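Questions regarding the structure given below will be posed in turn.
Order of writing sets the chain letters: A, B, C and D. Residues in each chain are counted from 1.
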Amino acid sequence: MFKLHGIYAPIATPFAGGEIAYDKLGKNLDFWLGSDLEGIVVMGSNGEFVLLSSGEKEELMKFVCARAKGKKPVIAGTGAESTTETIRLNAKAAEAGADAVLVVTPNYYKGSMTEPVLARFYTEVADQSPLPVILYNMPRNTGINISAKLALELARHPKIIGIKDSGGNIVQIADMIRNAPEGFCVFAGSASFLYASLALGATGGTLALANVFPNECSRVQSLFEAGKLGEARDLQMALIDSNNAVTARWGIPGLKVAMEMIGLYGGDPRPPLVPLKEADREDLRKVLAKTGFLPKAS
Amino acid sequence: MFKLHGIYAPIATPFAGGEIAYDKLGKNLDFWLGSDLEGIVVMGSNGEFVLLSSGEKEELMKFVCARAKGKKPVIAGTGAESTTETIRLNAKAAEAGADAVLVVTPNYYKGSMTEPVLARFYTEVADQSPLPVILYNMPRNTGINISAKLALELARHPKIIGIKDSGGNIVQIADMIRNAPEGFCVFAGSASFLYASLALGATGGTLALANVFPNECSRVQSLFEAGKLGEARDLQMALIDSNNAVTARWGIPGLKVAMEMIGLYGGDPRPPLVPLKEADREDLRKVLAKTGFLPKAS
Amino acid sequence: MFKLHGIYAPIATPFAGGEIAYDKLGKNLDFWLGSDLEGIVVMGSNGEFVLLSSGEKEELMKFVCARAKGKKPVIAGTGAESTTETIRLNAKAAEAGADAVLVVTPNYYKGSMTEPVLARFYTEVADQSPLPVILYNMPRNTGINISAKLALELARHPKIIGIKDSGGNIVQIADMIRNAPEGFCVFAGSASFLYASLALGATGGTLALANVFPNECSRVQSLFEAGKLGEARDLQMALIDSNNAVTARWGIPGLKVAMEMIGLYGGDPRPPLVPLKEADREDLRKVLAKTGFLPKAS
Amino acid sequence: MFKLHGIYAPIATPFAGGEIAYDKLGKNLDFWLGSDLEGIVVMGSNGEFVLLSSGEKEELMKFVCARAKGKKPVIAGTGAESTTETIRLNAKAAEAGADAVLVVTPNYYKGSMTEPVLARFYTEVADQSPLPVILYNMPRNTGINISAKLALELARHPKIIGIKDSGGNIVQIADMIRNAPEGFCVFAGSASFLYASLALGATGGTLALANVFPNECSRVQSLFEAGKLGEARDLQMALIDSNNAVTARWGIPGLKVAMEMIGLYGGDPRPPLVPLKEADREDLRKVLAKTGFLPKAS
């Protein structure tokens, strides 16, 4: 069965003229599929999944899975507000050839998303999922936290194989890891706390920054696993500012500009997201350049 | 031009067998359209709009507008995460015959929804809207607040005619009212602060509780406007517990059960929302009964 | 027995050379005691009570009560983190001649300040208080909210006569008012929601802004009680910006500068609070001047 | 100069009959001073410092420093709302023979505690402090966060030698560590994230749990420094539940009961804190017993 391990990039969705730019995406995929990454996440938060129509989601999964086939595993973000739509997208992800699905918490009706309601949601989704299910905890965007208690309760479901925790509460991450049943893996949801998570027993991460620095992000984990802790830690430290720049500070617009700085296609995000301002682009370049990881020519 | 005034019910969407139950909805509409309500809001938060597909939204608007035609105005909730989808739904609302659109803040990318970004979103939406646009501030669900400053900036747009403020910050509501340009109206978004909002100059409200007690909610405003402040205030006080029961405490599942208690069709909400438990139904009945407003037979 | 009614000023504590400037305070008191205010609150949040030593608190209460004697009632802020210290200060307030005490929630150990713990705290304090006790809800400073449920439970204690609610949650204020036992009064804790609170049945308020505009603040209530609602509402609206300036925006340093603008002694706050910058003073003057309530010469 | 390294216990203050029980404290100190702990913190949050009078604080520092002299270093918690009082207590700490002072952020006037105001506070305090100053970041109690940016700005002050960060934001901790100037140390403020902090370069911690399990807490660090990472991590994991029990879950009352379970004197906390209920004591014993670290006889 599919097992969560290593570094995944939650890939950006490129647009041109308002539509998904598949030719550009193909070239970007060539880069990521040829990198040290373990795999690809399509339609994660950084993939602007909430800005895609149902039809676009199906088409996008098909395209990415076809390109990645035989090269790297693909995890598809299929979480939706409605249980039915999530289940439907899971079936489509399986048809497309994805290896697992990543399911964010429904979040508009926050007040009603109690732990029992979330437990029921994930159980119904997992019961009907043809693919392994990964919980997706993203409190910054959803306003909801999947507690260690809830995650561990759901971890007993045979289809639920892990959690991507983007909350960054290191005690919660430790709680999940130490009480996880065999086979349930915890993934760091951001490059900023990757090393600390690995130190506690996380098996990898899904990192926005891995769109831009896939090999460097992967090296944090390979150094850690080789016992080269000092080097791993130093590399982690070197990545924090860049990570902050393409997440909290400038978000998806920043991520897309950063991708252009390494030679990928970035393009504009879908509205209401707005392209980065010129001055911010310059600041972003400086932050990235400080790492020394940008290609020479850029 | 359409002007925001009076009490609107943000109607619940009835489901049967997982699908929209149009026959039941028709009967519910007969009740609301024959009540003292000023109008109807379709696909508000209480209408489970985030759980409907794009196709269902179009169909639902058509059905409700056709039934309401010549009887009461209809406001359609068309806000979506994507600007394009919001604009598309606004066009469909106009085709269906709605009188105005209610547009919630995009909210998944909270960190990116700064005031300038929200200003741009609403401006683009209003520029292309065939119908008057009402801002929808719903911080409890979205994690985002439309500040008085932002609302007043947008109030200068000729198509933006008001705001439904469900946040309940009475100072913010006062700020909007006292600085609003001619023709921009402020609507209370909950029965719990309707009277206080009217006292400050709000022109009405869109109230979940108006699904259940449309005449009583409307009477708060008519008493207020007739200068019978003591009676208006007493009625307001009598509605607070019921309002809390069908909003914060039991949410949409509670609202649907409350509707059944006055003889309407409620039915189950769409998953992940779960039906009310038996014990909670009893508690809810007691809360509603205490008002003395339930029909005798129930 | 003492009854909460009308507008109180929570007076600023003037310092000169780091010490309480009693001569300046005396002159300020002449102004407030000669105004339309109902009474005075000494050692409220605006009185920098947490920056005073126990000895200073005793001395300050004595001074203010002696000056106010026979003129206006004095409420003394005696809340401290420790129950024992609160009880001790209540005894001193009685000795000094205060009419009632205002007791803020202990707040450093937020996680331990559950409703039962707060209920026990206030009950112990009230049991041993020689003076009527007023609950003080100040979530912005304490991070703790006294819920309507807790307030109403405590309202049954014969010594507990009311609450000053500075939280501004108008639904909570309505909840307290409609369920309050005879004799338990609700006071607005800020000029920004005074009118809305009065409309719901509050009996007055303790308002930072009343240090600066005592007569105007008092007139909101007298107009309201005379049934001149439009005028009361307009005056309320005119006070919002000034209130914001001397509370949320510039805090105590702003309040002290505003006092200087009407001819009182303001002086510097105690460190760590810092005096207002020159540019902010100018902005503050403009905000206050816009009301038209500043004395002509200033 | 004094350097922050190793595990410190922020010792509980024992009371009997409402007064500090110095005889009990003496015996408790014998235990801690004979343990593997690096040192002692007197009047930290767990020492109920906000419930002590100024006089008690001076006396308590003297007593603890006299007992610890020649055995282990003592850090004194001297933070107060007022700058002047903090400076005064720092002088008293030096007289008493403390090695450093721990200064929490003033926090009642949260809205005024901007970064420049906090910077000025700490600079004034450090300028006049005869002892090295340690910043104390305790957002759970204060509602205020000392950002990495502010900490690093203050780290340039020659008297400011480190920070105890109890917030547990591991990215913030990483940020401080990687940019800290030579000699500025970062201390974990809770046993729950000690290992993760050490992995990133923290030099130790001040841990409530070290009152109860001083040797086990110290062993996490000694194992880590000896390169026995697996053992250190396992021990960390074993301590999480106990730590949660004596911090977030049952707070100081729980800590005092836990102390009794290892043969120390606990006693009741000062009101408004309330003693643990009997049922909670049993639950706490189970949590602690699960570690296997309780003494056999208990």
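As a convention for this text, a contact is a pair of C-beta atoms (placed from the backbone, for glycine too) under 8 Å apart; a residue touches a chain by one contact, two chains touch by 3 or more.
Here the structure is a predicted model, which is why all the values come from computation and not from measurement.
Shared contact partners of chain A and chain D: not a single chain qualifies.
By the residue-number overlap criterion, the interface of chain C with chain D counts as same, with over half of its numbers used by both chains. Between chain B and chain D, the centres computed from C-alpha atoms are 50 Å apart. The mean-CA centres of chain B and chain C are about 37 angstrom from one another, to the nearest whole unit. Shared interface positions of chain A, defined as residues touching 2 or more other chains, are absent. Taken together, the touching pairs link the chains into one ring where each has two partners.
Chain D contributes residues 168-171, 174-175, 177-178, 190, 192-193, 195-196, 199-201, 229, 233, 236-237, 240 to its touches with chain A in the complex. Contacts from chain A toward chain B in the complex involve residues 18, 45, 50-51, 53-54, 81-85, 106-113, 116-118, 120-121, 124, 140-143, 248, 251-253, 270-274.
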